[in-house]
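Shared chain: chain A. Partners: chain B in the first complex, chain C in the second.
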Partner chain A sequence: MTFILFGFFAVLAIAGGIAVFVVNSMARATYALAVSFVAVGAMIVMLHLDYIGVITILMMIMEMAIMAVFMVMFMGMNPALMPMDMTHDKRRSAVLAVVVFIALAVAIFVIPWPARTGSPAADLTQSLGDAIMGSKMLVMLTISPVLFATIVAGLVLANPRGRYDRYGDDLDRETSDGNADPEDPIRGGIGR
Partner chain B sequence: MSDTSIAAVLLLPLGVVALAGVAASANGALDARSKGAPMRSGFAAPLWDAARLLRQQRRTIPGADSLLWRIAGAGLGIAAVLKVLVIPFGGFTFADLPVGLVWFNAMDVLLWALWWLLGWGANSTWSLVGGYRFLAQALSYEIPLMFALTAPAIGAGSLRLLDVQAAQQHLWFIVWMPVAFMVFAASVVAFSSWGPFHTALGEDIGGGVLSELSGIDRLLVLGGRYAVLVAGAAFSVPLFLGGGAGPLLPASVWVVVKTCLVLAALLGLRRLFPMVRPDRLAEIAWVIVVPVVLVQLAVVAVVVGVNGGAL
Partner chain C sequence: MTLQLVLLVAAALFAIGLYGALSQQVVVMVMMGIELMINGVLLAGGALWWFLAPTPDGQTVLLVVLAAMTVEMAMGFAVATVVHRSRNSDMTDSATDLAG
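Up next is the complex of A and B:
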């Protein structure tokens, strides 16, 4: 039973991955990818890594939803809303994909995997938390700002029409009521 | 299949549907009163609406992505049932996940996808605008919601809902985590596209994601929205309201009673707040709500650290 279920999710993950390149709509491709990732998350749950599995499902659905936002933000005339081919540079990418797949598949069988030495902790979620907040703290502290800076830098580079476009020229000008910052034509919810 | 899984398959969806029906009925009555009609006339209104929608023919615009559209329409109710799956009714729970709290979070993120797909699938501008409005709003409520969910987890020192419930036997979490509770309740309203956060279904864009829905599709979405609201209200019970704790009645009944009380509050409060535009909400959420809920978390962490556990 477990074997059948695991196999089902494995096939679903691969089928979802294939569907990404077969469908002709950005939305379907996005959510085919989400299905693929959710299947992977379910497989991780079946390996008794509950926290990582559920969080994978959570993050991947969220990520695909956010991708829909970026789709509209950055695709000029919005071809994302029309039917389109999901593949580019077909021959080379097909060759690349097949080669990588074969290399990874062969590696699974060729690599002399080490035998398990320890035994899993009683509470895997807790030991994960201990590792992140303890021995791996330095890694997390380094990675988080780098990831965050990458996101912000990516946004700044991809979006030339940010707040400075909104403010207009001459950022040094004062507003009529003597405020040092220029007037923002699109004000936020707390009325600044 | 074991008895529990049979019960989960049969009883759970029926229960959620029943409670969603009660919520719709109560809302119909309140609607009737605000229009100046007698409240009695409103109770049956959702029932007549449902009957009408069941008979109505399905309408589809050419070019609609019917597959994604219908998956999304049916998905709201399913997401609600999947949320309730992990809620403990006293000592009994349909699915005792060690990470039940994260499961709830994953299911509410599923709503991001569903609301947007509802907007996308119709192939109508107003629907799509509604879908994007929901996502813009989600970017504001999700982070505060995640922090609000963290508070009971820190208090109980566990992500398992039975443990969270057990940690409140002396003092309910709502007493010393009021901010987390309020943020949670507001987020429930937001992910249900309800009350002040229903811009995705706004009248100003012709009903938004609802604009092209008809017949059974519309019924599933309107009903699913109440179901999601019910699931959110029910989840506040093990998180903040002591779970099944209460005198005389059995624990499972208390869970339902408390759920109904929270639901009544959400239905009643709906009429007190104006609609909040997602772009304004973004600044309110990130500049005010996130820091406030972080302070709440700090307080909870210090209390747990000093006290060596929940109060």
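Up next is the complex of A and C:
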């Protein structure tokens, strides 16, 4: 039963992944990727990683929804109705992908994998919680500033008019009488 | 379900993602390829954890992979927004000066 279920999710994940680059519209590609991710999440749950599997599924479904919004925003059209083929170097990319897959597959079957060591905890999710709040807390402490830096960098890049646009590169744009003078298309405040 | 079988599926996902990341011109589609590659890594990590050493340490590594996925997506969207705003394009071919 486990094998059949795993086979089903494996085929779904791979077929979804292939469909992403085969279907002729971005909206369909997004849904295909979402299907692939859900199948991978299910396989991760089958590997007894309940917590990681579930957050993979939840995260990826939200991510695909955001991706669809970005596509509509950037393409300026309904992506579901507009067939497209925007690719380059298809042949060389395909050859490289096949070579990488064959190399990985050979390695998978040639490597003498070691025997299993250690035994899983009774409650794996709780053991993960204990680890990241205890012995492995440094990992989470390192990820936190990385995620915070990502938020700051994302905002700085995506902000259309930041303080440097308004006050100059050295933030010292002034009027003749020495007051700060932002360069705005329309003055703000009362009495504009 | 054996270690080799799960790793083979993970390798297939990685290879498909690699094809997409190299062949697509639209930035968001390139990101989809990279997402597939990271997803393959996540699946392989999960399999190695369960079949070789099912201790909490391995789960923590998988959380790091998930965080890398999130950071990749957030920064990818931010860069795509900047490129679109400054060049009115979402194609990688019009932003080759960002390479290296």
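As a working rule, the second predicted complex is superposed on the first by the 135 of 192 C-alpha atoms of A that agree within 3 Å, B and C clash if a C-alpha of one lies under 4 Å from a C-alpha of the other, contacts with A are read in each partner's own complex, and residues count from 1 in each chain.
Going forward, a residue touches a chain if its C-beta (ideal position, glycine included) is under 8 Å from a C-beta of that chain, and two chains touch if they have at least 3 such contacts.
These numbers were taken from a predicted model, which means no experiment stands behind them.
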Exercise. So, A:I55: does it touch chain B (first), chain C (second), both, or neither?
Worked result: both
Exercise. Is A:A34 contacted by the first partner chain B, the second partner chain C, both or neither?
Worked result: first
For this session: With the two complexes superposed on chain A, say which partner A:A121 touches: chain B (first), chain C (second), both, or neither.
Result: second
For this session: Check whether A:I186 is in contact with chain B, with chain C, with both or with neither, and answer first, second, both or neither.
Result: first
For this session: Look at the residues of chain A and decide whether chain B or chain C touches more of them.
Result: C
For this session: Quick one: classify A:A65 as touching chain B (first), chain C (second), both or neither.
Result: first
Problem set entry | First (chain B), second (chain C), both or neither touched by A:V20 | second
Problem set entry | Doubly contacted residues of chain A, that is, touched by chain B and again by chain C | 51, 55, 66
Problem set entry | chain A-touching residues of chain C, taken from the complex the two chains share | 1, 3-9, 11-20, 22-26, 28-29, 31-33, 35-36, 39, 42-43, 46-47, 49-57, 59-60, 62-64, 66-67, 69-71, 73-75, 77-82, 84-85, 90-91, 93
Problem set entry | Of chain A, residues touching chain B in the complex | 25, 27-28, 31, 34, 50-51, 54-55, 57-58, 61-62, 64-66, 68-69, 72, 81, 123, 125, 186, 188-190, 192
For this session: Enumerate the contact residues on chain B facing chain A in the complex.
Result: 65, 67-68, 97-99, 102-103, 105-106, 109-110, 112-113, 116-117, 120, 128, 132, 135-136, 138-139, 142, 159, 276-277, 279-284, 287-288
Problem set entry | Residues of chain A that touch chain C when the two form their complex | 2-3, 6, 10, 13-14, 17-18, 20-21, 26, 29-30, 33, 36-37, 40, 43-44, 46-49, 51-53, 55-56, 59-60, 63, 66-67, 70-71, 73-75, 86-90, 92-94, 96-98, 100-101, 104-105, 108-109, 113-114, 116-121, 124, 127-128, 130-132, 135-136, 139-140, 143, 146-147, 150-151, 153-155, 157-158, 160
